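Dropping the structures in below, format is structure tokens.
Shared chain: subunit A. Partners: subunit B in the first complex, subunit C in the second.
After this line comes the complex of A and B, so read on.
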């Protein structure tokens, strides 16, 4: 048995023990799991780039790739916002606070924050796609002088599934310009109705020549968002998106997450749109 | 680490090993602690399995291979290695079809998580062909890359001793010449044999090979033996008839993702996964949880998987590659095109296994030619 630090680099399959410190219910079916690594030193030393993901492991059930939705600088824990959808995430939703699970990571390429310097940053999210973008928003708002204006365009099916409502108000007070839209309006909804790319079509207050865009959401939403962004004059090499594929090993060895030439687990999940443009519109790739 | 390239300059002069002394080589390998695996007859095919006696080799047999067909036949002579590659490859020893990669034990507080060390003794491969050596080199790039390595592959690969054998014939499915991998073995072996009528030409590729050779009854090769070996190799060159045009192949295939040929081949393809199982470079795998009844002890078992399995691309939103068309396209474009982006080498070594073992005889070289002929 190996548990030394060297073994982690040596053996990509070794998971660390993590404990559910708290659970924050978010929108229906979605909760944020605040995780603490059982080894206090590892908990303190853990670091990630916004946009990276962990493999969360429930022994006997399986592993699932989940992007971090907040770092420990926020609430002292490593946070993952998860919809109970598959076998692992449904089992996770049944676990009590204090339960243990395994964690491997962080893996993959994150949002290119250094590329944002001096630029207007447009963050576009659909549904749960806001979760992997949240640490990027935290990082942007932590150093507002480094960037231009920061926009958040957020869409969801219904108003009650727009993520992080309280936190979004705090972001707006910190200078982020947020717009929301829903697919289906309820009688009490007075905001925008329609798909997210429409918000891109009519966005004001940014300079296309120096804007950078981060997108995460359902693939069809991202495809149309890219089209709208290109039409607005944002260059393809400054449009980044986070893609999802079946991930098992997370280290480029198992072959599951291939998307054209990319291993989403290593080359992504955050990819530059022009580098994958030939593959994005191909059905069944 | 893989053995250093056996550059010609560092090679010792070729020697001769008498046919009956092949057993001495096998014994020397076993004495050195290796588990020797090599060609054996099993269920009507030449497979790779453990060898303890050279009598177990398929001496006097050959194989006849065409698309979708494999038949054993008697040879007119008593050659030990007078056949081409069968359904097995050395992949199954370096990247085992099933392996336990991690385990978890329930404790009072939660879980103890650990990895599982590979216990396999070192292998010696007897009878690897040029395309096999190329395939191992391709898998080295997959499993031992800069950032992460597969611990099982890395260890087994570093330990494996490779005795290669030059081909003296080619099957109708062989196209190693097109992929620039054969038929002659150039590097990647510890020892190399070329089977002559009365002896083996015996060449050393590495210091490890030289050390093993030191205890063998070898004699210097004369001019006649060298000429005979050249003729044997030339016979294989002459027999390689299948071709795959690799010119700009990456652009040709990735630029043809909507080509009608994908739908046509999908009408024949059974999505049975045979091509990926016999391919010596296909590396896809899945991990499943295997727990005991109590749920206290769980093992994570890795098994070979295939991009032809429908749930291989499962995602919470559904199956990404739900159609056979999409799965065949994924396999072929990955093997011949995007592999180059990922590993700076083609994923195909031209061994022809996928052609022979396809139950409906789909031939990837024909598919590529059809796509070339009529660009989408």
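After this line comes the complex of A and C, so read on.
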């Protein structure tokens, strides 16, 4: 007779039970949900690649694709940083600690960390786009001698919507060079003002010939960040971005997330810029 | 800083790096270094300024005065960025207030010297091409800022 765990492994449609162990409010409207799989063995065996996502399921409400924002090596839980925006995420935001939800995953292709070896790594994030990049930053900072310099260029609408402020300070103490910018400055803000691609235009302390870039944020921001990166001499095949589309099955069957030749749920969400750049300018895609 | 050092600086700065050597020579002949302490006003909105500047080191904030809201910060600039282009194109009347956010050094070039040099078609074409490119970048950045992309951005959760 099959165990429940084996059945889940065999059937990508079956969700496993996860419990909200903790909720960390991040910025207005955004919180990190620290999830623990109810089956302790499954919890211990779960593994993901930075950049991959899970489908989180609320019975009677629906399912939503959410990238993991931290692995269990950080706080013992599988973390998802979520903005309450749609029907599922708004319902999720109402759940108390201890509530259960369904989880299936991880799915998709993550950030190509092995390609970072010996290279300067430039991580570019806009708004909540830092969440799917956070596990990659954790992995990079865990083995700093494998890479060159690590830069983080982070933009947000306002200073109080810059994610993970305390953790970013710790990253900087670990050797990450961080720059932040905001679109709207409050009188007390003395940092940069302006859009994220400007930080790429001005970035110093990296070798374009051996640099690799990871980008996640609003699609228009990513498009112009790619343009700035190309102008700085970073090769298109070393620029990677995480895309978001309407992911429903998460296993490449339903076609809802098709983007040109790629299924975002399976070929992405992390894709190489030269493979999808022509489709980023296509209206309606 | 002597002329050779200025020439090297101009050849390395993002705004001027792509200019031909002869154009850099002309700029180096008239450029001077100006230093500003953190918090110092470089120029005020509405004032007249006759020098165009390229930031060499540090960061500069641009603010515009809005009645009822006070000074609103619209942009910050850093090394390699052009500052005070209205000295050349706007009859010298500054459209924003510039403040050094940290200890800042700029290469200051008299606008009148550039205007004179621009009568030489080779210099004028190279300079205006570079200036137009810099202003186009600034315009694009302003458009992206106007789009307010993070206002409703949900890059990891849409349902």
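Everything that follows uses one rule, which is that the second predicted complex is superposed on the first by the 278 of 285 C-alpha atoms of A that agree within 3 Å, B and C clash if a C-alpha of one lies under 4 Å from a C-alpha of the other, contacts with A are read in each partner's own complex, and residues count from 1 in each chain.
One rule holds for everything that comes next: a contact is a pair of C-beta atoms (placed from the backbone, for glycine too) under 8 Å apart; a residue touches a chain by one contact, two chains touch by 3 or more.
What you are looking at is a predicted structure, and each value in this text was computed from that prediction instead of being measured.
**Q** Using the touch definition from the top, say if A:93 reaches subunit B (first), subunit C (second), both or neither.
**A** A:93 sits against neither subunit B nor subunit C.
**Q** Is A:230 touching anything from subunit B or subunit C once the two structures are fitted on A? First, second, both or neither.
**A** Touch partners of A:230: none, neither subunit B nor subunit C.
**Q** Where does A:17 make contact in the superposed view: on subunit B (first), on subunit C (second), on both, or on neither?
**A** The answer is first: A:17 touches subunit B but not subunit C.
**Q** Determine, under the contact definition given at the top, whether A:102 touches first (subunit B), second (subunit C), both, or neither.
**A** After superposing on A, A:102 lies in contact with subunit B but is clear of subunit C.
**Q** Check the residue A:216 against both partner chains and state whether it touches subunit B (first), subunit C (second), both, or neither.
**A** Touch partner of A:216: subunit C, not subunit B.
**Q** With the two structures laid over each other on chain A, which partner does A:177 touch: subunit B (first), subunit C (second), both, or neither?
**A** A:177: touches no partner chain.
**Q** Taking the superposition on A as described, I'd like to know which of subunit B and subunit C A:187 touches: first, second, both or neither.
**A** second
**Q** If we overlay the two complexes on their shared chain A, which of subunit B and subunit C does A:62 touch? Say first, second, both or neither.
**A** Touch partners of A:62: subunit B and subunit C.
**Q** What is the contact status of A:255 with respect to subunit B (first) and subunit C (second): first, second, both, or neither?
**A** A:255 sits against subunit B, while subunit C stays out of touch.
**Q** So which positions on subunit A get touched by both subunit B and subunit C?
**A** Residues 62-63, 85-86, 218, 244, 246 of subunit A touch both subunit B and subunit C.
**Q** Which of the residues in subunit C end up touching subunit A in this complex?
**A** Residues 14, 59, 61, 70-76, 78-81, 101, 137, 140-141, 144-145, 147-151, 153-159.
**Q** Of all residues in subunit A, which touch subunit C in the complex?
**A** 53, 62-67, 69, 81-83, 85-89, 126-129, 131-132, 155-157, 161, 181, 183, 185, 187, 189-195, 197-198, 201-202, 204, 216-218, 220-221, 224, 242, 244, 246
**Q** Quick check: in the complex, which residue numbers of subunit B touch subunit A?
**A** For this pair, the touching residues of subunit B are 101-102, 104, 106, 109-115, 117, 142-143, 145, 147-151, 254, 257-258, 283-289, 291, 295, 298, 300, 302, 305, 307, 312-317, 320-323, 325-326, 329-330, 334, 338, 341-342.
**Q** Within their complex, state which residues of subunit A touch subunit B.
**A** So the residues of subunit A in touch with subunit B come to 1-3, 7, 10-17, 19, 38, 57, 59-63, 85-86, 99-102, 218-219, 244-246, 248-249, 251-256, 258, 260-261, 263, 266, 278-279, 282-285.
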